[in-house]
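The structures considered in this document are given below.
In the two assemblies presented below, chain A is common to both, partnered first by chain B and then by chain C.
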Partner chain A sequence: MKRYIDIYLSMMKLSILEQWQYPLANYFYMIGMIAEPVIYMVVWSTVAMQQGGMVGGYTPGEFAAYYIVWTLVRSMNVVFTPYGWEWRIREGQLSMSLMRPIHPLHADVAFFAGWKVVVILLWLPLAFALTLIFKPELNPTLLEMIVFFFAIWFAYLIRTMTLTLIGMVTFWTTRVSALFELYFAAELILSGRLVPLSLMPEWIQSFAWFFPFRWAFGFPIESLVGNMPLNELLIGLGMQIAWIIVGIIFVNIIWKIAIRKFSAVGG
Partner chain B sequence: MPSVISLQKLAKHYQVPEREAGLKAAAKGLFKRQYKNVKAVDEISFEIQPGEVVGFLGPNGAGKTTTLKMLSGLLHPTSGSASVLDFEPARRSHDFLRQITLVMGNRNQLSWDLPALDSFDLQRAIYSIPADEFKRTRDAFIEILEVGDLVQKPIRNLSLGERMKMEIVGALLHRPKILFLDEPTLGLDVTMQKRIRTFIAEYNKRYGATVLLTSHYMADVEALCKRIIVIHHGKLLFDGNLSQLAEKFSAFKTIGFTLENPATDLSQFGEVVSTDGSRIVMRVPKEKTSAVTSRLLNDLSVEDLTVEAAPIEDVIESVFAVKKEAVE
Partner chain C sequence: MKGISLAYNYLRIGILNEFQYRANLYIQILQTFIALATGLIGLNLVFSQTTALGGWSKPELLAVMGVFTLIGGIIRAAIQPNMERLMEEIREGTLDYALTKPADAQLLISVREFRLWQIVDIITGFVVLAVALSQLNWLIDLWSVLGFLSALVMGSMMIYSFWLIITSTAFWFIRVQEIANLFEGLYAAGRWPIDIYPNWLRYGLTFLVPVAFAISIPSQALTGRLTLETWFGALVFTVFLFLFARGIFKLGLKGYSGASA
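For the complex of A and B:
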């Protein structure tokens, strides 16, 4: 355990140092990323105002809160993508990772966790600016803030597992981007990324409950802005943990099969 | 002494899709794919003793890298078995990976944007190297390779040779017992090649490590390896020392001598390879060496006559020229 803590801290340190090499690039990336929620925010606030100040239970201020928190959750959702898997196999980087006495997944989780530290620090002034412009209605309790803290890290782990599973398809075919696009389309609808899930038809909400997307995106936001009762917060965290465990089990099973298929094509 | 690396009929076959060029063939390939079975490594066997430095030679596509990848646990063999330090490499146990390293001349594992010192620290954590041992080893390697002024510069700002030195330091910090070196001097200038060769020799001497080295630079092989294994078309072609290799594969020997009258016509004796003033180097068929030497001494006024095996580059060229059918 001590060894893994040392590895995680060292890898996170390396990642933070790397990201600080390019603070401007990181900032522009984040600024580019907020264009999407700002559009959603403006559209839904306009709809709310046209419908007497509220739509689906959300006021313009609550939409603002939802989408400002969205920006942080979206940043926490950034993980090693299947495109990255394609690259690491093609360029022979996976071969070098496999030579280390540690599962490459640990390196990915630790590296991106380090990146998140930088992302959160860069996000704070952006969130402040968005707050001044859009005036969100956000009054979380201490409990909600604690749940939110865990929920965004659990969300990060869920998305890491799901995209690792898709990424591992590259052991069979070196092109996996089409599958990722399909995943991305489902995620857009079933996660709460496009609109809060409570605005979706009842059957989509029920459907979304059984997929990881909501627990990796919508739930963390709702835990902070949705005034959820304690039991729903706990169920949400429980579902996240369950998806992480399921993800780890599947990643391990597929990994054992996939590694036998590895042909080290890139070197 | 028990061997540390042992291969028994080790083989790796690939199913490679193939089709004719053009749209019609591409459309046909959608419904019925054709595959070709490629024997990258074809039942090779050899053993390596602790502390040996072995040159693993072969032309491009001979199966060298595939073999190294199987021995380092990256690839699962199709058949046969391999044992490294009594481990089965394909299982990739952490205890096994802690005792080996694979350095590939065109691959890197250090962070591109950071000074090597930061990446070295990550190696310390990954290989659980005690802090004082890590510092001692790191500083010793930095001194031997004379890179003290480079370790604080981002890797991206270093030359190819400087980067390679850093990669080697990073790959050896955990003091592996087995080194698989795949073209470690690829693309480097002569001085840099020599520095890296000296370092590998020093590491082997200091820690008694076993080294399996592939290189297209014969200077690497001559300087480091007493034993040579040659692989061609996936099959083992030769396993022995360098002089035996020349004996077996070279059809020629070189005769060097100083001639009193350099203008003499030598075509009846053999092929003149080079002339430097009165110093002549001539290539003659191996079986005629004694006869030609006697005739040169009897018929001409020659001094300082030496008979040598053909240069290693020429020998290797003859080995690589062996046709596929000849090794099957």
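For the complex of A and C:
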């Protein structure tokens, strides 16, 4: 156990130092990302104002809060992409990580976790600017803030597992972009990324319960802005942990099968 | 004249190239379908709560979505691939091979790539537009058709010029991929009518990224909102942006010395 903690801490430190060297590139990336929630925010605030100040339980100020927190959760959701798996396998990069005496997934998890520390630091001034412009209504309690802190890191782990699973499909075929696109479209609709799930039709809301998407996206946001009662917060965290465990089990099973298939294409 | 036949030949080669990868057509159809479906879901969600958005009705916004898809297809078929190749070649120093050819450098770098299968997006855009117009009980009127087509050409020219400007910055700053990313984010704003955005964003969109002109002016032409003044304004802006882009590109070329080739 101590060995793993040491490895994780060193890898995270490395990636923090590495990413801190490119603050400008990181910033451009984040600003590009912010266009999307700002568009949603403006559209839905307009609708809310036309409907007498509220739609789907959200006022314009609450939409602002939702989509500003959205930007942080979205950043926490960035993990090694399935397209990266394709590259990794095609170019034979994976052979190198297989030589190391530690599961290659640990390296991914630690690297991106370290990057997240940089991302959160860079996010703070951005959130401050968005707050000045859009005037969100956000009064979280201490409990909500604590739940939120854990929820965003759990969200990171859930998405790491799901995208690793889908990325590993490239062990069998390299024609996967269509599958990835389908996955991302389902995620867009069912996660709360496009709109808060409470604006969706009933059946989509209950449908979304059974997928990992909302636990990795909508739930962390709502835990901070949604005034959820304690039991819902706990259920949410419980669902997150359940998905992480299910994810780890599946990743391990598929990894064992996949790695037997693997023969480097090059490298 | 020579320029046109050059562009035509490159187009032909591009199409022949694409025919080697026919399976990509099916992937493109699926991608277009997914993008269309998510766009329609978003539109329906908004209009399940309201009947008009910033004074635009649902069929009118469907028409905007058609133009958005159509111009998006033009960008990804003919503009973006060329600009990405240019960026790459500036970084690698292989732009030399294009510059030593006896043709206008800007023309050459703008016509070398063509992604045929993106035509699916262009066709889909027209279909969505047709559906929207039939919902609007639109009567074919020569002036609005001409207004629409000319606005489409001007919009594409503006976006081309804008792309050339940001790509040319690669002569000075090597990492510009993030800026391209930023463009995609801002382009998505064109799906909704420009009047709903706050002022600072609207001016930013209209003057920094000509998205507003490119998408909303063709839509305005079809929905009878386009005035003659706006049309002339767009024309002047297109010419200005084109000349400005050419200037920046030439300036960049002057400082380019080839990296390694």
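We take it that the second predicted complex is superposed on the first by the 266 of 267 C-alpha atoms of A that agree within 3 Å, B and C clash if a C-alpha of one lies under 4 Å from a C-alpha of the other, contacts with A are read in each partner's own complex, and residues count from 1 in each chain.
Here, a contact is a pair of C-beta atoms (placed from the backbone, for glycine too) under 8 Å apart; a residue touches a chain by one contact, two chains touch by 3 or more.
Small disclaimer: the values here were computed from a predicted structure and weren't measured.
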First (chain B), second (chain C), both or neither touched by A:Q51: second
First (chain B), second (chain C), both or neither touched by A:R3: first
First, second, both or neither for A:S198, with chain B first and chain C second: neither
Contacts of A:F262 with chain B and chain C, given as first, second, both or neither: first
First, second, both or neither for A:T131, with chain B first and chain C second: neither
Chain B versus chain C as contact partner of A:E18, first or second or both or neither: first
Which of chain B and chain C A:L98 touches, first, second, both or neither: first
Footprint of chain A on chain C - complex, ascending: 23, 26-27, 30-31, 34, 37-38, 41-42, 45-46, 48-50, 52-54, 175, 178-179, 181-182, 184-186, 188-189, 191-192, 196-198, 200-201
Chain A residues touching chain B - in the complex, by the definition given at the top: 3, 6-7, 9-11, 13-14, 17-18, 21-22, 92-93, 95-102, 259-260, 262-264, 267
List of chain A residues in touch with chain C within their complex: 25, 28-29, 31-36, 38-39, 42-44, 46-47, 50-51, 55-56, 133, 175, 177-178, 181-182, 185, 188-189, 194-195, 199-201
Of chain B, residues touching chain A in the complex: 14, 69, 72-76, 92, 94-95, 97-98, 100-102, 104, 106-109, 111, 113-114, 118-119, 121-122, 124-128, 154
